[in-house]
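There are two complexes below, and they share subunit A, which is joined by subunit B in the first and by subunit C in the second.
== the complex of A and B ==
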């Protein structure tokens, strides 16, 4: 097997594993394959695929800008490679995003429902627009090869400059707006990475490394297909990258110095070590290798410098979007399945890249498949005298087999306990605390609502109003609390418990007592609950139960409170606010809960959402 | 033993099922792509499509040929295939596994029907095997795998019948069940790479050979012209 076969087999294996994982993720949900949680919703799919993928795709707009704006025609032969790399970078980022989003089928919604206050609003628009521009920029290449839609191709080729300028504008906007996104995380992101200059740093580093990604792609292709690389042109392009890397280094360190963070670099924490590695990969090695003319013109020097810068930039983005962006009290380690998907998406993009290189006119001359040369001619197999056919046929046969086997392997490796459908984890509801004013906080996350019980009794009509909320009782009780039946925070639960009624360890009731002997034993023909439990219904005229399921605590609260509030708001137009969310979800929590809340939040809580600490500062009255 | 059963039912089943599904899809797509490419490269693209499709469909129904040639063999083969396909797919116990694992289910066979189909599959498999060994024509054409396949296919049916209907000790049950699962999975894995792939390829290979053997009416003239022997007797 030659190096290309090995390389492609590895790529197809990774893709197979990733596809198996992705299918499991879409059938059984994110929890089946990932360690992502409400407290750490951004894992390595964001940290390794989306954010670095977009940064590394910057080569597209940088190289086209160099060619068409700076008029450096000698790089023209790399324009298509650059655009292709950018397109695939964005496409893989978008793919990772679709796998990673909790509700991926709503991904189109920012197009229709504009949310100006969201930091991701501009980011999502830029991704969509630039992906479209890149598609249009690259489309003439396959169209030329296939000969389809000649009119469209001519149109796109004619207005290429417009697309190039659109690409430069949108892409530079987008690179910097990704940095802007992380400006909202000052309390989460480690200070060595957090900076007010993040938007500028993102843009400059993307411009610096973009051309180096293109060079690396060209070098890899030359290595794989045994071609001589045009080192002179590549080195010139690398020199442009070198200049911007130096500028980026200055900005980064001046930013750190002005904010007095320079001593943190050597404070010995693991974060400082990661920072040093990142700086070495991204700044020191490329600057040294590309700065020395002789090394820059050597293939090895160029390759090492580009590779190091690419890894360094990926590490930087991964740090900002993941590793250094940790909420205190939560721990996140990616599962092996997340790694499968991460690598598989990259591998898939490389497969498409190689396909385009083999089939389309990416260079000024189209390379013929080198394996059609005599030394690559298919050989007679050792075990059989079967000629496998031309390279195209052998590739199909081989790689589809590799893909099928690795897909099955990935499917077999899925964690058994996670893909069995056990349903939603139950969170037991805690009783509301307080006296005349209750603090309703079923899952004890300290973000509850204050309920003025006395005032509700007054305004709803004294004693007669009790049954509006206390509609049913636990047996042998009066005015049972909501939590006693609606005892699960987010799931409906069985309040009848048939097995308990029949069990010798429970009520020990014989079947005949509820089910009439001669009839089929069904719910409809069974005895009414109130025939035995005379105190079950608070209101004697209430309808009988049509289900034994009590809705979740959240639903119970919302249905009861919101319906009543809405009715009042409609009836009295001066009190519209009554039906709005802040009517209940608002305000400072009472003082006596302060210590309790602080205690609750100091502990890592696996079951409930950690809210940002900024909200915790309870106002002093 | 429980751990072994769990392993066979869980990861090993998913591996073998994945190999089978993807493997079958792969051979199917490779075949179709090859046929399409051959058609694309063909100089003369006129084909009697209606006739070809009709022939393919006719061949697809085995009843047509039952009483010509070898009626005993044909009937055995048809009955063998009915049980072979219906029982694993529509057995209640299998569907329960699907429902508890993935949450999907479909209609099931009644237990007596499933039992009788199992028995008929076993009986007709043995009959086919005997027929193959004793018929000179068949044994001349047979390879090793042609004898081994009926035996391998019998294994899950026999063990499954034992597990479902005979009261044996708990440990014997577990061993039998393990053999049942493992043999089934071995079949799954071998399926796309051996002649059993005909379970999905059959209509398409019929179709392809129909295409291949339907030369246009004037093909003989064209061949002679190409060979510079125009007018020579074919």
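== the complex of A and C ==
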């Protein structure tokens, strides 16, 4: 295995997982795969992919500005790489937005509904415009390779300077308006990060780190394809980044100093520790490594400085867009599925990047995978003498397989319980307590009702009355409790045991006893339960079953009790109160509960609406 | 005409009639404890809730309908916007689902349909459809103790101050929402502090849209300013290079 091989396989695996997650998200909603919640509406997709992704894509406009506007021709060979990195950075951010937005098919709506006062309106316009500009800037490269649309290519090359100018103007707006986005949250964003200068800080730090991202990209690619990097030019470019980083450091600390926030840096809270790490990564390490000429010109020094600055900037953006924006009491941590999407989108962008490097003239020559050189052909599989085809075909087959496998694995890993329950917290039902008088409180929240079982037996017709309530019995059992089938407080659950019905150790029922032989074996065409289980249904319930799902405990109680009570109240108008909520949701509670819920009992009004206290009661300070 | 709701915490008995009426009017389904909910009772199916505080205090939580709403200012498509009655309403067909309103709201009111493939933002609309036709919102109409009442904002503020003055010592001397974040249409008077309703105990009186206004006004000047500066630099650099070449040629 060659290092490029391993790298590409990892990338394809991550992409497969991400695609599986994204499909699940579009079918079942954001809650099915993410830990996003009402208290944390923005998670790592915005906090790691969109906001930092766009900041790190700033290399495109900075490097082209240096080359075409300031006429520094020595950097010209990195123009295409810079534009490509910017384009893919924006593309990956836009892809993350598509997964992250609630209604991504309406993402173009800011084009028709104008809102000049909204920072996000400006951001979305900038993303759309700049993506277009970057596409036009990069388009000549593939066009040159394929030879298509020669006229368009000549036109784009001729007016390149116009595109570069547009790119610079839109980008500087865009980078700064991402900072503006967080000006509206002075109370939520931690004071070490909140500043009235956020738009300027965002712009300057993006300009500083943008070129360093390009340098890092070049170094990594050179390592992957075993090429020698042009350290001299790269170091010169890094020096530009160094100057802007120093400017950024000054702005940031003067801002903190003017607002008297400097003491907060050393107050020992975890936020201050994160702040110090961020400053070390983004300011201290790059400034030291890039400031010393000898280190700047060494490959290791350059690589570490760029890497540190890139991580530092990413951390800064992630802090502002997520970590430090947390509402007190909310505990957000991303699910593994969120991480799949987050990494998979980046991996996809890198795959496209490698494709461009291999197929287009990003440098003066195409960088092919070394194994595609003729001397590597033909190739034989490990441990066999089978020729696996030309290297190009082998690659395609191999990576398709990796992708397909991880895609399938992704689906297998999807959170079944989350998707089925659709975010409803799983609460197992507890059986009713007591003897002739039962206390029914399935979720043990002390908001229960007293149920006079003996009286119900009397009034409903003695022993013949059991099946009126105890329907769907396990065969031969007439007194199973409600909680045995309706075992979840709020979600329906499957109770049909197909395995057991067909098993030789169970009911030993042949397939065609339930499924008609000439028809396809489906639930819809199968025999109904009650054809065998004659007393399966209570009188009051529906005649047919659509599913084998037992409804939730709450629904079961309401359907059975309320339906019957309402009918009685209509028949006997002197007992209207029977049909009203307080008939069950108030009343004397058993003695053993009285002590622990004394406060609840003394409430001045009944609980007209059943709501679990877990939702209602704010933890008392 | 700015309409408002005044809630008197001392009068609320916590009967949940307002919550039930809200659910009925807006056709919301039953409540289940969802993992995405905050523990204040508000949810995509619950636009108002009763928060229980120590010593039998019941505080009704709902959208505050700010006079200068941060959510409406943040919304990139104007899905959230303010009516002439001062009510902040939501236009679901404009929404793109960015959830910036949820980030911007100082009271953490907007909720989301996390469990749906086509999700929308959910928040109290002060029963705009009823108010438009001269009726009052379902919650205030149903309140058995007149703890929460509906009326014109000016009159309700006067009424609130009147109650505070007539009952010395009964209330905290402050109408919650009179000046907070630029003033809100949902007002409270109370004998306990209501700082817990917002993210900080005492919200500032500055309207949040003002925080981004300066930066947003600078957008067009920045755009053309950057273009002009870059153009100027480009011209300078090219001129210098041209002069340099001429020098070299004349020397050579």
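To be clear about the criterion, the second predicted complex is superposed on the first by the 411 of 621 C-alpha atoms of A that agree within 3 Å, B and C clash if a C-alpha of one lies under 4 Å from a C-alpha of the other, contacts with A are read in each partner's own complex, and residues count from 1 in each chain.
Methods note: a residue touches a chain if its C-beta (ideal position, glycine included) is under 8 Å from a C-beta of that chain, and two chains touch if they have at least 3 such contacts.
Predicted model only: the values in this text are computed from it and were never measured.
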Once the shared chain is lined up, is A:263 touching subunit B (first), subunit C (second), both, or neither of them?
neither
Kindly classify A:401 by the partners it touches after superposition: subunit B alone (first), subunit C alone (second), both, or neither?
first
Across subunit A, the partner (subunit B or subunit C) reaching more residues is C
Quick check on the superposed pair: does A:409 touch subunit B, subunit C, both, or neither? Answer first, second, both or neither.
first
Per the contact definition in the header, classify A:435: touching subunit B only (first), subunit C only (second), both, or neither.
neither
On the A-aligned overlay, A:20 touches which partner chain: subunit B = first, subunit C = second, or both, or neither?
first
Touch check for A:101: first (subunit B), second (subunit C), both, or neither?
second
Applying the document's definition of touch, where does A:70 land relative to subunit B and subunit C: first, second, both, or neither?
second
Share the list of subunit A residues that count as touching for subunit B in one structure and for subunit C in the other.
27
So in the complex, which bits of subunit A are touching subunit C?
26-32, 36-39, 41-42, 65, 68-71, 101-104, 106-107, 109-110, 113-124, 165, 168-170, 172-173, 176-177, 179-181, 183-188, 196, 199, 325, 327-330, 422-425, 427, 490-491, 554, 603-609, 611-612, 614-620
Going by the contact rule at the top, pick out the subunit C residues touching subunit A in the complex.
13-17, 19-20, 23, 30-43, 49-54, 56, 70, 73-79, 94-100, 102-104, 106, 108, 111-120, 196, 198-200, 203-204, 208-209, 211-213, 215-216, 219, 222-224, 226-227, 230-231, 233-234, 237-238, 241
Subunit B residues touching subunit A - in the complex, by the definition given at the top:
6, 10-12, 14-19, 22-23, 25-26, 29-30, 33-34, 100-103, 192
Touching residues (chain side subunit A, partner subunit B) in the complex
20, 27, 393, 396-397, 400-401, 403-405, 407-414, 416, 419-421
